[in-house]
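Reviewing the structure listed below.
By letter and in written order, the chains are A, B, C and D; residue numbering begins at 1 in each of them.
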């Protein structure tokens, strides 16, 4: 058996890997192997332990126990440095690029050409140029990262790995931020790398991608290996079953309610600048009616962040108006907007959503602790607060030992539910939801989707901002495509395809 | 975790009881010698001024009179009373309180410990209400300042030829620590001294605001030198060390304060305006030993008591013209006889600073 | 009837007894009778013994354990620091046992009143620092606000002649408001330009210190020593804080009611932080300012409130010293209350009630250090080293988990 | 008004340089430290340690250069505590710095008594570095600039060289690039195999070394004794200089010059007596200038993204 594997050109084996984090066992006794020149998929839900496993392989985390063999030699990976020297390269889901440095600097960082400790910038530039031509990954070597699109940034990441002479390339959710067109481009790159005998591990939770690109697939479920399959021998449904551990209803019961157009939530000719003072939202107008979900599709960095910030009221409007049931709220502060009936589920729940060190009860009622019945004068009425938060905890099925637990002790899904409970229970007129399911497992996703639909059924105007086209298609009554800060196209989800929307997401409509 | 917890608690408990057992039965030792002690103010020892001077007096008493001595440095205002009364409790026959900040504390302690004597340096007590075992010791710093002013005032104008370090600008400088009474007395006296021999002279003062930052003293001296001053009088405690060093660097003269500071820079410090803390401390200790201590009053040490004055010229003795020395001696006898009354404040001196 | 039932029947009497015991213990101890501490200890033991008999033993045990757990890190830090201090003393040729004996005896028994006098202003400045910390701000310049408070107290105290029940609260309030106003500028700069409060409050502290000299010059002076004042005129005796001696003849004559005000203030701050809307908003901003914004909490406003309340509290420390202890304002002293306030706040993990205890500990270390220096001739900067080490070891909480993790690492795989 | 303009002369520049040198040295250390992501407010304490060690070793050996070396090393060693606390133990940076300042003050006071037998101030060192003043040939002949910049003492020259060195270091060397990257995106550094811990330790130690040098300047170059607490808030002003200087070595230098200038100017104003104001108002002036500079300049530049933030690789997995 052992000999057989070697004959097949096994370049990597991980055996009996376990990883214990302070509160969770992220990997439990996982063994995998990789053949030279193969594209291997690692499939699993969010939180299944895929990234942890790859971070262990990359030397970023230390396994609690288990061994790693690279080219049949046991490897002690104390840091990414060791991993890199053994020919491993990794493109992380959140790019590891330093924004205010140039492409060249980012690529050569850590292995800079030059002598006496000085950097030879000329030589570095030349190397980068050659490398990008060699692999047909074109980027401007002198551009700063902050000015590049996500797709280009990904290219820089791949170049970074190739510059380090990677023979095993790990791609962590590489398609999450790409448009369908860019995904195709990525696959082309991957295949050409495969031809050059680079082995690739791709982490994903999307079944189509597994089918489209990989030769073999490992399925992880809740930190354990749930199976190993050759891709062409397995159907999507089987994969899904292995991944989730039960049958999944892949489509939601979405009954398309036809509503008469009442004024709900209207944005008129919005102009907004980003942190660097560059126009991020450019003459953006849209309308959401009560009882309707409008999905904003778009590639990350086209103004989504600014849009959600400007809606909740923490970013300044340069020009334009926001109307809520006909009332102009553009000059309102956050508090007044909340009181007018705006609710908001932020895309970055740690930054904008939660007070990690504070109690569940304080988080779940954070925006209501300035009014009756929760306060009396300046006193907090703790008994009322506790009772109400216990109600909400039960209502939204939040798993927590008590409402006095700090939110930081909850799992990601339960943390998101805390936010949902807070925002949804306010009975909002308008609900802005951004990336509501990022990083959550299927169970939590189903729950959250159904809650959003419930809100719609209660005649709330819902604006859904998401990078995941599946989510947009599954929930929206209308799809608007956001490109470079403007709405470029409107679609009916029933009458269009991912491909077509993707085409407009990348600016296809302008050409 | 539990194990560590138990152990640390047990340990703390042992420590607690242990210290209790050890600490409780502390009795006072009986001394054969008379004990004298000082409680410094928050400036502490090493201030090169009255705390150190007083301590030197104690050490002298130890050597010459065989006294037992003790010193406590106070850290905060709240420490003054417990330190003073604690020293009395420890069997000190005489307790010195150094610095005007302890004025209230010394009275309080004296009331509670009538068996001990208390002496306050730079403290003015009210003879009518103060207990009889407390003594206020004050100095006529302005007299020292006056004499130093005469020397400086003459050298900077009439005798510029005696040294290349002097110039024709007729400007003198002073560097002050904080603007507090003893400092002001020196300042006023110095100004009056200068004016008495050299009324046209420009006298510039700079306040550094600190008593312990040499860098600032030095900088102030440089500025004075640039303004044309050729002799700088420092009244700034440790900041003054920077003044003397600065004067040395700039090639001008300095006048030291409180004690003879010629040793710091023999080529630079022409003389020092002294305040005989050491001597007067010793005198008071002696009076206790001899049984002649008389409290409930203020002692003011000045020229008449040989406690103020200027120090020897050391290396400059041959350089300084006899006329200057004569003027100084004349002033000394005039002050002693009451012919000259040296002003002790800027207002009296007419120094419009 | 079992003993348990009898106890239960007479529980009211037991509690009254306990209350009396603890109350008289506190009064005795605060008015410098060491035996009072034994009363308090006895009361605590009886309380737990009573619970132990009446309730489920496990509950009582876990209660004790959870308290002990909270105390573990501070106690461990103090213990290690004491050991380090002992090593330093041995190296430099002192006997640590007698030195520590004197430290303890001086701080908690002999000069206990000094410990309390030291602690009172520390509680105020400690609360000030802790309060700002809760909003994520570092009020490093508490000393400056202290001066402002002291100046206000001296200025008003000299001229404000009325019934003390009116004047004293008014002085506290006025001084506090001036202290808040003084912190208004750092807050304004923080909100408008993002200038870090560590720098601005620090610089403002220097400015206040120098300003106090000018103030004193204009408010009195003692004509018998010099026409040039270095301390203000004394405040009117009617404006002095009540002294314990007036109520309990045996108390040390210097002890004044400032410590009571300080402790009450600490509890009030605790109430403010944990049980009010303002407190919630402050903690929310301290925990996550961006999220606080999205919940409609104005971070700018909270910064103002936090820094201004901090200024108020520090200014109270100044009032406490001027009206309670010195009865006049001395010029240009570096009191160190600002720095020590940071220490006690950090040591108490910014818990207002904890600040009371850490302040008393700090006060006792200072008082005991003086006593130690006097009786054992050990220089009292050793106390500063012990303080610094305690602080470092307690603040670096993660140290213990870090050591614990290293030990634990090997265990997981062996199963 | 003419009197006012006569205040601005070469002497003022000289004075400015002298007063700003310790601030410059500490500020440039702070720049490196903050660029790597660590806030260091312990510089006040580091300077004290450096100043004490310098005097102690210069006193016992009689050689100020040994004192200088010892000061730098001691600053580096003491800064390891800050590095250990903030990097390995993940303590809040400001808290750790504040604690170390308190510790350093107690430690130097105690050592002062042990070494010299009395508190307050040390014995003067036999030879101070001030005696090694030398003029650079030719360059010192340039009017105005020459005497100010090229007729100086050793540590002042060192501070000039260090400004150039650290500017080159930050923008031209590999380690400098790593330092900048560590303060922007530490995890990214870790993923390419560069230990952020190591870089940050290095940066903190560099700030310790320069602060130690600044301390040596105060005690054995500008003066010849150590005085308890002699740094007098310069560490905080250095922090302010670093921030108003926009986190760059040259900027820190310019801001330090400004603060030095404010102080020098204050003395000149006192001496010139153009304004009849209480002396304390003049003494306050540099502090007010600091506040204004920090408030006015801070918005112009962007701090390193990860400055002051704790970094651990193994964050809790999602």
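The definition used in the following text is that a residue touches a chain if its C-beta (ideal position, glycine included) is under 8 Å from a C-beta of that chain, and two chains touch if they have at least 3 such contacts.
The model shown is predicted, which means the values in this text are computed figures rather than measured ones.
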Chain located farthest away, centre of chain B as origin (C-alpha): A
Geometric centre distance via CA averages, chain B-chain A, whole Å: 72
Inter-centroid spacing, chain D versus chain A (mean Cα positions, whole Å): 44
Mean-CA-position distance for chain D and chain B (Å): 34
Centre distance in Å when chain B and chain C are each reduced to the mean of their C-alpha atoms: 35
Chain D: positions in contact with at least two other chains: 119, 280, 283
Multi-partner residues of chain C (at least 2 other chains): 210, 213
Multi-partner residues of chain A (each touching 2 or more other chains): none
Which chain pairs touch, all of them: A-C, A-D, B-C, B-D, C-D
Residue ranges of chain C touching chain B (in the complex, touch as defined): 65, 68-69, 72, 75-76, 78-79, 82, 97-98, 100-105, 109, 111, 114, 117-118, 210, 213, 222, 224-228, 230-231, 253-254, 321, 325-326, 330-336, 366-367, 369-371, 373-375, 377, 380, 404
Residues of chain C touching chain A in the complex: 275-280, 283-284, 287-288, 290-298, 409, 412-413
Interface residues, chain D side, partner chain C - complex: 41, 81, 85, 88-91, 94-96, 98-107, 109-110, 113-114, 119, 233, 236, 239-240, 243, 278, 280-281, 283-284, 287-288, 290-291, 294-296, 298-299
Sites on chain A touched by chain C in the complex: 18, 20, 64-65, 312, 314, 333-338, 344, 346, 350-358, 362, 366-367, 369-370, 375, 378-380, 382
Contacting residues of chain D [partner chain B, same complex]: 9, 11, 14-15, 18-19, 22, 112, 118-121, 124, 130, 218, 222-225, 227-230, 232, 263-264, 267-268, 270-273, 279-280, 282-283
